[in-house]
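Letters A, B, C and D mark the chains as written, and numbering starts fresh at 1 in each.
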Amino acid sequence: MHICKYFTTFAANLCNYRAMANNTFGEKWSFTSFGESHGVAIGGVLDGVPAGLHIDFDMIREELERRAGKGLVGVSPRAKNEPDEVEWLSGVLDGVTLGTPIAFVIRNKDARPEDYEWLKHTYREGHADRVYDQKYGIRDWRGGGRASARETAARVVAGCIAKQQLAAKGIAIHAQLVQVGAETDPDKFAQMIADYQKEGNSIGGIVECHITGLQAGVGEPIFHKLQAELAFAIMSINACKGFEYGTGFGGVTQPGSAINHISGGIAGGISDGSEITFRCVFKPTPSTRKALEKIVPTDSAVGRFDACVATRAVPVVEAMTALVLTNLV
Amino acid sequence: MHICKYFTTFAANLCNYRAMANNTFGEKWSFTSFGESHGVAIGGVLDGVPAGLHIDFDMIREELERRAGKGLVGVSPRAKNEPDEVEWLSGVLDGVTLGTPIAFVIRNKDARPEDYEWLKHTYREGHADRVYDQKYGIRDWRGGGRASARETAARVVAGCIAKQQLAAKGIAIHAQLVQVGAETDPDKFAQMIADYQKEGNSIGGIVECHITGLQAGVGEPIFHKLQAELAFAIMSINACKGFEYGTGFGGVTQPGSAINHISGGIAGGISDGSEITFRCVFKPTPSTRKALEKIVPTDSAVGRFDACVATRAVPVVEAMTALVLTNLV
Amino acid sequence: MHICKYFTTFAANLCNYRAMANNTFGEKWSFTSFGESHGVAIGGVLDGVPAGLHIDFDMIREELERRAGKGLVGVSPRAKNEPDEVEWLSGVLDGVTLGTPIAFVIRNKDARPEDYEWLKHTYREGHADRVYDQKYGIRDWRGGGRASARETAARVVAGCIAKQQLAAKGIAIHAQLVQVGAETDPDKFAQMIADYQKEGNSIGGIVECHITGLQAGVGEPIFHKLQAELAFAIMSINACKGFEYGTGFGGVTQPGSAINHISGGIAGGISDGSEITFRCVFKPTPSTRKALEKIVPTDSAVGRFDACVATRAVPVVEAMTALVLTNLV
Amino acid sequence: MHICKYFTTFAANLCNYRAMANNTFGEKWSFTSFGESHGVAIGGVLDGVPAGLHIDFDMIREELERRAGKGLVGVSPRAKNEPDEVEWLSGVLDGVTLGTPIAFVIRNKDARPEDYEWLKHTYREGHADRVYDQKYGIRDWRGGGRASARETAARVVAGCIAKQQLAAKGIAIHAQLVQVGAETDPDKFAQMIADYQKEGNSIGGIVECHITGLQAGVGEPIFHKLQAELAFAIMSINACKGFEYGTGFGGVTQPGSAINHISGGIAGGISDGSEITFRCVFKPTPSTRKALEKIVPTDSAVGRFDACVATRAVPVVEAMTALVLTNLV
């Protein structure tokens, strides 16, 4: 059975293809993400944005550059070469939201499916290649298709609209890298990442995020606790391996009498009006040069990895946090 | 407060704009619709379409022409002048679905916001103009914005993908116009509609839809009965005023002993394996020439109405039926 | 394979049992229904009722009697013999809602599974017996299980809470029987139904429902139009075969110029602030004495049918309408 | 404005009471939780359980005892004194599921609202008392109402049904306490907790959970990654402050080349067929004797706290994990 030249078919049962469904985040304020890493375009639809919001396009451009790793060391060359330009298809007029669904598109200019030809017949260790074949029966091998971190560019655009809407209510979200490897001094991060890149290796990092200005009362007390909603959103980011807030894992060694007063900004699943702080950890990418050299024939593909994905995850953490909050406030 | 030149602001409270939310139909197989009638484009995202489906693009073109009223009498000139061309942004490669979200766009070529300048200061009787201002505080007056029937073009594209997927399982959907005014002879429909158009008036119609090949067992027995899902989908079509299946309203005069055997293809909310037949009624458009002449200054706008919207609703009825079924089978 | 004595197993595939899922109506204000007709109890959980609402228990009792057919002719004896007593398990204290989920139970006192022993080996024409076996592989034959109209008692309780909440906002719902067979004079309904009962036959009816006091702006303009939400809810009632509002099916014979001004209380899917009127039709029950005598051995079972189910559907129509509105206002 | 004697009203705006909504977990296989800690009963409704499952009631009894802390040190006396007896209202017959909604109830025998009279006028540090008043305007002070950990008993019953259904597919879930304070030797946990209890203090703990037998392919690749679903469920448990899987937070110090091979059982958001391991941390309860003595007048209330809530969280972790998986497999 011929499907198409961009698919690989490793799996036995060809007749029972599934959909990679559930590409929507949120209900009241929903973001539907679409697009393949090396297809025509990626993009999204935002449903639930109120009318009358003035869009700050400069901020969106800056956030996309931040996600692309502008000014950072150890970043894959694709991100640098392909400035993300957003086309607005609906829901925005004269820079103001109409209240209707906002559809936007980022075309893939630097799409080079041919660079990934070798992936057609290979499963990369630590990647989703094998499980995609196991689950879906077929796999779009062009740069990972939907599994690629490129999808997070659409999240960042959505997150910018969300952050601008939240800002109008006095709510601010600020994330930053607080640890790389065992290092916690930010001044030493760049050198450390450069060293890992040089040796063709990669390293993990921890991102800390602060929410300020959020009123008391956000979150529901049983299953939809605010911390559960945040964990759900953050753990959906590629390479994220853990989430903690308030006293977190470190608090386990402290008696109740010593840490009773620390709420982390949330009590009983509901914001208490104070600053919310949470942390999340990003694993080093398994696509290191060391790992790729064993299986990849061309140099251009070998160079396509990030030495520390946590650096570029920072704006994505902010974006997902913003998507959670616009659904709740 | 300046918003934008395409808004009207009749309502008192300018500070509390809402979103026109809930533009998604279905959960397992979802269709998110976007786009303003006279904006950049309309379009949609389909999430849940399985991989490996070969798309029949000719059928989509034909269905869009059918919706546009090709070959029909009494149809608004815009529909005729603007052939709908679909651009595929994701989820389809070499004509085959990837299993990922399918995003598509139809650009608005014949968008003429200036034709609707008069609408800025007017509420049309029988239209949503007034309630939009009441609910949203602002209103996109360019051809009705999202309220325009142009939005149904995106439904037709989505419905075509759904129908093709259903066809692969042997399920067929066929709708047709069975009544115009009091007339039930199809050979006399065109003349009747032409007469109404000539006098600047409009008339309603009844569409009947048949579902064949659907296996027994589709539908849930309490709130999500198959007939409830169908009614929900069909009643969401502009100008639809009623839905009936099986013995319908006409059955009220018959004793149980006479009509016990008629199931309409559904028993206890669940398909029984026999053909399903339902009917729906479309009101004549209130935008008749007679009505418009009183409030519209220009001729081009006056001509933009359909003498019998039921004719163009036929493919939309099929599309919405298909969306219901792909979510259930 | 032994399952249990109250199941029948007609279907071939015993290994693939399914659930009769989706027993929840609404999201913001949700009602989850449970219970078998001849099991321990029926009941429900309401999630989303605000705190501080004073419950009118007398009104609930009266509505349950109305659904049971108190004072009506042609009603099944079970309904008469079994007064429905509601036990409140949570969410209500001293007659006031706590804002937490409200769980309530109505025990089945007159449960007589033995009366339905004959149903174990029979499919009744016009009932869901056959499709239940086809879909679920097994069937609870004790009085229809979940398919029984007894389930609507839980809907009525939920609807009462909803109506009381709506009443606090000035919104009233009033349904009434407006046609039985071809008869539209209410004074002649009782005699007509008695005649049908006497001859062991049944007849259909039309219920009309009025919503007053609803503010403009309720409903969403694309898929979640107010009329679509109402149709979904009403068509989920057993035996309902059609729904119409505004100009309905009758309006098909009128030109646009004659009926432009009739909105039915909804424009563009959104309430316009005027009274909303809709109508729905109920088929006669197929369980007439005539039909049952052919397949049922005992007299007590033969007598268990309603000559005109539309009479008892009236409070259920009000209840489902109230559930729609509490989710939207 | 009088509401009821069990409410406190600290908040200013009495007219705008909200609901504590969203008490349902899951869609395909949903669990709706209800009941106040010191009301009539707690319980739940399970919707989506297939027919034909033989319930193991002994296992449910044992799991409830495990949650109540039977045989554990440092446990609140209420848990010990009140054996949880489950009454089944629907969906189960002769010990076999019917496929219909399963409603169950656990009556509160040891409800002693009077023990909490002092809470009426006090906000406990580290508890949800204040935010409840801020959000809902009123607060059920009887033992915390819905905020009480007693609600988790209903989760455990639901989780047992889920675990039994999963077991039929060869899927097993096993959680255990792996750390108390800084101690990781399980043999020393009991003594440590006893010491904290003795001094009226409390301590945190880490629970590790293993999922075995889960096939490859469970989870969706974008927002609904398996780890995101698990984190959402686990972070909804009272006192849980962090979630990690695979290399977790500890992996941050390791280079990619050293930990590439560790998947934690999930790749790209989808199970890869190997064992899944995750960990979560529980904060010590703020309701220590030390803290309570300052604000509580009676001895009986002072004694109502757990020295290490993590011990009783173990079966709840298993239950929530099971609820996630029954919704996905």
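One rule holds for everything that comes next: a contact is a pair of C-beta atoms (placed from the backbone, for glycine too) under 8 Å apart; a residue touches a chain by one contact, two chains touch by 3 or more.
Remember, it's a predicted structure, so these values are computed and weren't measured experimentally.
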Contact-graph distance - origin chain A, target chain C: 2
Reference chain B; chain at largest CA-centroid distance: D
Centre-to-centre distance between chain D and chain B (centres being mean Cα positions), rounded to whole Å: 46
Separation of chain C from chain D, taking each centre as the mean of its C-alpha atoms, in whole Å: 36
Distance between the centres, which are taken as Cα means, of chain D and chain A, whole angstrom: 29
Chain D, residues touching no fewer than two other chains: 20-24, 33, 146
Chain contact graph, described as a line, ring, star, complete graph or other shape: ring
Chain C residues touching chain D - in the complex, by the definition given at the top: 3-7, 14, 17-24, 28-30, 32-36, 39-43, 45, 47-52, 88-91, 93-96, 98-103, 105, 136-138, 140, 145-146
Sites on chain B touched by chain C in the complex: 20-25, 33, 125-128, 130-132, 134-135, 146-147, 151, 179, 181-182, 196, 201-206, 216-217, 220-225, 227-236, 238, 240-249, 251-257, 259-261, 263-264, 267-273, 281, 283-286, 288, 290-291
